[in-house]
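Each in structure tokens, the structures are laid out below.
First chain A sits with chain B, and in the next complex the same chain sits with chain C.
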Partner chain A sequence: MHFRERLQAWRYNLIPDHVIGELLQKRWIDNAIPFLALVIVVAGFGSAIPGFFNPASLQDSTRQLGEFTLVVIGLTVVMLGGGIDLSVGSIFALGCFAAVACFFLFHLPTGVAFLAALGVGVLFGAANGYLVGYLRLRAFITTLVTFIIGRAIYDILVVSFGARVQLSDAQSDLWDFIGDGTLLGMSVSVLAALALAVVTHVVLTRARPGWHVLAVGGSRRSAHNAGIRVRRTVFLTYVFSGACAGAAGFLIATRLSGAGPGTGQGLEILALTAAVVGGNSLGGGRGSVVKGIMGAVIVLVMTNGLIRLGYGTGTNQMVLGLLLAAAVTIDIRWLKNRHKVLNEVYVAPVYLRMGETQSAAPGSGTPYALNNRLAEAEAIGLGDLEGPEDVILDRDDHLYCGTRHGEIVRFFAPDYTRSEVFAHVGGFPLGLAFDRAGNLLSCVGAMGLYRISPDRRVTRLSAETRRSWTSIQDDARLRDPNDLDIAPDGKVYFTDSTKRYDAHDWALDSIENRATGRLLVYDPATGRTRTLLDGYRYTNGVTLAHDNRSVLFCESWACRIHRYWLDGPKAGTAECLIRDMPGYPDNINRASDGTYWMAWLGMRTPSFDLSLRHPGMRRRMARRLPQDEWLFPNINTGGVVKFNDRGEILQTFGDLTGTAHPMVTSMREHKGYLYIGGILNNRIGRYRIEGADPTWTANDAYWGRP
Partner chain B sequence: MRLDPLLDLFRGRAITIPPLDGALRPNTALDAAPVFDGLAAPDNLSWLDGRLVCSSGATVLALQAGQRLPLAEFPAEVTALSVSPAGALVVATDDGRLSEGGQAVPLPGGVACITALAHGPDGTLWLANGSRHHPASGWVADLMERGASGAVWRRRPGAGWEQVAGGLAWPNGLLPGTAGCIVSEAWRHRLIRLESGRLDPVLLHLPGYPARLCPAAEGGAWLAVFAPRTRLIEFVLQETRYRHDMMAEVPRDYWIAPALASGRSFLEPLQCGGIRTMGVHKAWSPSRSYGLVVRLGPDMAPVASLHSRANGQRHGVTSVHETDGRLYIAAKGGDAVLEVTA
Partner chain C sequence: MLLRNLDQARIVLAITVAIFIAAALGLPGFLDPGNLIAIVRSISVLGILALGMALVVIGRGIDLSMVAVMAMSVAWYLHLLNAGWGDHAALGVTLGAVLLIGAINGVLVAYAEVPAIFVTLATGSFAFGFVRSQVITSDAVNVPARHWILTLGQMRPGGVPADIYVFLCLAVAAFLFLRFTKWGRYVYYAGDNPVAARNSGMPVRPMLVLRYVIAALSAFVAGLLTAASLQSINTRVVNSTLLYDIVLVAVIGGIGLSGGKGGVRNVLIGAALIGIMLNAMTILDIPQLYQNLIKSTILLVAIVVDGLLNPRDEQTAQQGDI
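Up next is the complex of A and B:
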């Protein structure tokens, strides 16, 4: 190997490029930019201002932060629902006044003052909500109006009653504690903000009302079509926002023990900036409480920091405006380009040098030499079927196959001209197997391992295994369950081909060629699925050896067959049985004479093998060419290959014309015939095997004669 | 976007090829055309004594009413032929020789890859030499090496050989006029006019690799386009390391390169769009071979075209000839000479 090639191998196999694509797929990656901004702002002002981090100063800042965060959380929820609330500042002020008035003027208990503040908030929020939600007025204008009216009322009240508040002698320990005291080192307002944040977060991400808000914000019409009561949901978001602002007003009332003309002035701009800077989309539907909190911290640290550094209000406002502009721009560009970037970087090829192979060309004299025999197969379901990946026959000789529509279709013996939909599973049913009781088990692409009972009841057996420690993408989920076989003890051995691509994108996995295929076992006794082997290049067909002491499985993109020992001295380990085949193996099944059939889904081509040694070329190809132009392995020619327990190739069948069976993904021997399926084919082939036992069926071989 | 030139430094320039649109809109005219003669690998067509003359392998034949009459046999594959106004057959072969009426013609040095021959109205013999480094049959290697060592020569009646233009990227077809000559320059996907020492582009951005030209009765010309451009091939042409390794290690028939016919071996490269799905090979799929004949108007702009698409058979058209309102088309990759109404 040249030094350059070795360098390529290191570069592409050791640096985990695929992580970028997986990170970009995460929902929380939206938080990256606001988080970065947060770190920069805190670190910047923390180092510029002496004593920024000392406890007393921090205590005061956090008290303010608690109140502010309450308001921002409320506004965030409104924005998630697709609205905007400019009246939070005046509601905040009115809430403050309500609390102050109750406590100082009417000498009511602190609790009543709190309820009054909350009530004012709910009242104004409900007014907003009614106008915006039910009467469907524009949120911007409506809340601007409430903002002006609220502010006006507040100013009148403050002028009329401000002096009397000052003279009041009302006293309460509870009031003072809320305003001044700490619990576990934290002020009440911080605790309140934290509690509200946790509750709101849980509701938004885990509960029905929260999902409704996100759905309405994401798409009103779709939400309506899905049966969500859009108007009520919008209404409730404003009520919630009002309540939050009212509660925050109560907190500032206790802190300042009064209400002045400046209370809550400009708060709506601060809160809006915080929510947007945190990364909540102005368009609705995208965002979270965490983002709101991050934004709140950024904005408060920045404004307070600027004031302490001696900058005036003008500078402060200017910085806020610029911050808002930047956040909105980034939000829009990010939203627009994220999927493009993802498309371009997701395919992250690795280096692989395929072993030299024997030729499969007809007349080459090797055991692999293909022929045209499959072209003679008679067609079943021609024109009706789409995508029979695997085929299987039951004890009554009926023929079953999956289709790309997510159905299991049954063809009736003896002539297989009539068919019915046996069961609808969904997904893409791939591998099939009958268990002892006559249930049909299927690996369903994109879904998991399913069981269909003879009376057509569909049950999910498994959809996940244990997550690996280093995974970024959730690899507990079965992404591409492909083929299965059942051991005499009922355990189901099956493969999950790739962690990187969904079932319908299976061929893309060959371009990347990353080894993420798994061999799994499902134990019906416990209902648990365990990962036996990981790190193969597209694990595919599985079959139990005739003596049931090992499992044979294939590794498609590496063109290998492996044996996993269940029993004996090598139990629990795998060894390679056949390597460097000229074709890509798919399903494996038992043959009547104690050997095995394997399907070839495609053939290696020298140009593609070479491209596997040029991962950089493949990466650029994936970025610069549309997918239809990508170089693929030749999956327009496949075949059926017979091999024995020693890994010797005994026989091959092909269809070089490509008219009947271009790609072969499965075959099943049954009473002297071979039934042939193809994931991209429009038929099942039925081919008479010369010299095969005309009485042999897989059901008898696995489970004995009934 | 305005940032694209900057981003291109990191991600590479976008690869685009001209769309098949307008006068080049795809049809199935070549697949629908009747077969005049099912000759294997017909190449250069011409007209002699009221009969169609065609080269196939090392033989030159006259084709008439289903009969094949061998006119001449050569030790190597015939790469180009032309009939002089006097009726002499001028034939070039892959071993770098040229014969005129059975007599060997001495050639200037470096001319051993004759891809096209044509006689001008004044009897001048024009000669296109595809490359200095490869024989005519090695065209694919010259393309993948991004060769540009071709030249156009002429021999005026009674004079010696004279180079008209050099440094051409595989000149592959000639259309002499009274003053100069129009040349198809394959690897640059264009037609150029060579006239009084100047080189002017005539038709740029062809969606395929042009081959031979033939005058049309109503003015203008017929252009055979022997292989399509695909984005994958254009991409591979930019991928120097991969391309060099491919040329060194992969048998030539299985390169990612244009071809006269494709899909005949499972060792050939396959592109995603070419996957046979539910028994269908999509007509639009990217393919290494294609059949295309373009009718050029008097101003050498395309006005109509005949196609054999990715799922068709009449690929690799290298030569056309129009006589008496009949158009003969040699589909070298499709093993057929076709006849249509011009």
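Up next is the complex of A and C:
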């Protein structure tokens, strides 16, 4: 190997490029930038301001933070629902006044004052919600106006009653405790904010009303079509925001024991900046309470810090303006370009040098030499079928196959001209197998392992395995279950071809060529699925050896067949049985004479083999070219190969015309005939095998004669 | 048929006339020439700002930074003059800053595709904060003695203050631009359906930038006129409700916030209504606080009516267009 090539191998196989794409797919990645900003701001101001971290000073700031956080949480929920609420500052001030008036002017108990503040908030919020939700006015301008109205009312009230509040002699221990006291070392407002944050977070992420909010924010029309009451949901977000701001107003009322002309001034832009800086998206659907809280801390530390550092009037506005503009711009650009970035970096090819292979050219004299025998196969369901990846026959000789539409289709014996939809599963049914009781088991692409009983009941057996410790993307989920076989003890051995791509993107996996295929076993006794082997390049077909002591499975993109020992001295280990074949293997099944059938979905080409040694080239290709101009493995020529337990190639069957069976993904022997399926084909082939046992069926071979 | 002809501008015009007649009959001194001139003068600054705002709103945008630009640019200008700068240099610097803010607004809205309300809210806050904290030292800045701005404020050609002429000239210019120039017509197309306008080959984005620059310039002119009549500029105006008065004039005159509708006529009608109303309220001796409440309530009603008359078009509305 040349040094340059070795360097490439190191570069692409040792540096985990794929991690970037997987990280970008994580939802929490959106939190990374605000979190970084949070750390920088707190560290920066904390070191610049002497005594920033001492408890008394912290106590005072956190009290303010608690109130502010309440407001921001409310605003966050509104924004998640696709709206915006600028009137929070006015509601805050009015709530404060309501509490103060109840307590100082009317000498009502603290609890009533709290309810009054909350009530004012709910009413005001309901007005906003009615205007924006039911009348469908523009949220920004509408709440801007209600903000002015609220402010005007508040100013009038303060001018009229402010003096009388100051002269009042109302007293209450509870009032003072809420304003000044601490519980477990934390002020009441912080505790309130924390409690609300937890509750709101749980509701947003785990409960129906929260999901409705997110759905409406994500797409109004889709939410409407899904039956969500969009207008009511929007209305309720404003009510919630109003209640939060009202409660915050109550807290500041207890803290300051009064309502001055400056209460809540500029709060709307502070809260808005906080929500956006935290990473909540304008237009809704994306965001969380945690983001709101991070934004609240950033903004409050920054504005308070600037004041304490002695910067004059206006500095805060300047910084807030910059912060808001930057955060909004980043948010919009990120939202717009995230999927583009993801598309570009997700495919992260690795280096592989394929071994030398023998030719499969007709007449080349090698055991692999292809011929034209499959062209003679008679067609079943021609034109009616789309994508029979696997085919199988039951004890009554009926023929089953999966289709692209998520159905299992059954053709009736003996002539296979009539068909019916046996069951609708969804997904893309791939591998099929019958168990002892006559249930049909299927590996359904993008879904999992399913069982269809003879009376057509569909049951999910498994959709996940144990998650591996180093995974970034959740690899517990089965993304591409491909083929299966059932052992005499009922255990189901099956493959999950890749962790990186969904079933329909299998071609992308061939470009990337990363070894993430798995061999799994499902145990019906426990209902659990275990991972037996990991790290193969697209595990595909599976079959139990005739003696049931081992499992044969193939590794498509590496063109190998492996044997996994279930029994004997090598139990639990795998060894390679056939390597460096000229074709990409797919399903494997038993043959009547004690050997095995293997399907080839395509043939290796020198050009693609070469490209596997140039991962940089494939990466550039995936980034710069449209997908239909990419270099893919050749899947226009395939075939069926017969091999034995020692890994010797015995026979080949091909279709050189390329019309009937160019690509073969599956074949089954049944009573002297070979039934042939192809994932991109429009038919099932039926080929008479010379010299085969005309009574042999797989069901008898596996489960004995009934 | 009669109902169909009753568009918002006509309704508002009728209301304006009605209020005018009622005030003329009921309020002593309302019809004095001095008072009438005061009304027009009071709305000339508002009107100039509303012309800029109208241009932006017709193109489906909004500029919340206008008042900040108006106050802070002039404050900066006067501050430089007071610091001994030459008139040209000072004017050059502030004009440059005004153009820059307008261009930043436009570029962020047009090219970064950030909603206009957020951009202009942020730039307005920034403009105020920057000038207030970095440039000037007190809230109000006086016009230096014997400056041309003072002369402008005292000019009375034909017994009418000069700012009224400025307003009328700008109104005519805006009218000609919107009605007779190619780019003026494009404003309507871009406001009505930006994507369609872009697909048909109009330079939608450069035009958007231009509109925000014009709005910033009109704010600067309005600021100069304010300084001329008051002989100083008070930056606390940024915190007042002037901004909402501007939106009020545009919306109440019938310029739908969803864009593509209205013109200079609507600005004039809206400004007339607001001017007469404010004047009547002042004569009635209603306190400023209550005036704010009344104005904002009217604005809310106007927006509700606007929302009912010009419902949002779900086909051309954009995600995040709130």
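Assume the second predicted complex is superposed on the first by the 706 of 706 C-alpha atoms of A that agree within 3 Å, B and C clash if a C-alpha of one lies under 4 Å from a C-alpha of the other, contacts with A are read in each partner's own complex, and residues count from 1 in each chain.
Everything that follows uses one rule, which is that contacts are C-beta pairs under 8 Å (C-beta built on N, C-alpha and C of every residue); 3 or more make two chains touch, one makes a residue touch a chain.
If you're wondering where the values come from, they're calculated on a predicted model, not measured in any experiment.
Chemist: Superpose on chain A as described above, then tell me if chain B and chain C fit or clash.
Modeler: Fit - chain B and chain C, as placed by superposing on chain A, sit side by side.
Chemist: Is A:192 in contact with chain B, with chain C, with both, or with neither (first, second, both, neither)?
Modeler: In the superposed model, A:192 contacts neither chain B nor chain C.
Chemist: Tell me which partner A:223 touches in the superposition: chain B (first), chain C (second), both or neither.
Modeler: A:223 sits against neither chain B nor chain C.
Chemist: For A:603, is the partner it touches chain B (first), chain C (second), both, or none of the two (neither)?
Modeler: A:603 sits against chain B, while chain C stays out of touch.
Chemist: Please indicate which partner A:611 is in contact with in the superposed arrangement: first for chain B, second for chain C, both, or neither.
Modeler: Touch status of A:611: first partner only.
Chemist: Treating the CA centre of chain A as the corner point, state the angle out to chain B and chain C, nearest 10°.
Modeler: Placing chain A at the corner, the angle measures out to 90 degrees.
Chemist: For A:681, decide between first (touching chain B), second (touching chain C), both and neither.
Modeler: In the superposition, A:681 touches chain B alone.
Chemist: In the overlay, answer first, second, both or neither for which of chain B and chain C A:425 touches.
Modeler: Once the two structures are laid over each other on A, A:425 reaches no partner at all.
Chemist: Which value, in Å, gives the least CA distance between chain B and chain C in the superposed three-chain arrangement?
Modeler: 11
Chemist: Which residues of chain A touch chain B in the complex?
Modeler: 4, 344, 360-361, 370, 386-387, 507, 603, 605-608, 610-611, 613-614, 617, 620-621, 623-637, 656, 658-659, 662-663, 680-683
Chemist: Mind pulling up the chain A residues that touch chain C in the complex?
Modeler: So the residues of chain A in touch with chain C come to 82-84, 131, 135-142, 144-146, 148-149, 151-153, 155-156, 159, 221, 269, 272, 276, 281-283, 311-322, 324-325, 328-329, 332-333, 336.
Chemist: Within the complex, which stretch of chain B touches chain A?
Modeler: Within the complex, chain B touches chain A at residues 11-12, 14-15, 230-232, 235, 239, 241-242, 245-246, 249-251, 254-256, 263, 265-279, 285-286.
Chemist: Mind listing the chain C positions that touch chain A in their complex?
Modeler: 62, 108, 112-115, 117-119, 121-134, 241, 244, 247, 257, 289-290, 292-293, 296-297, 299-300, 303-304, 307-308, 311-312, 314, 319-322
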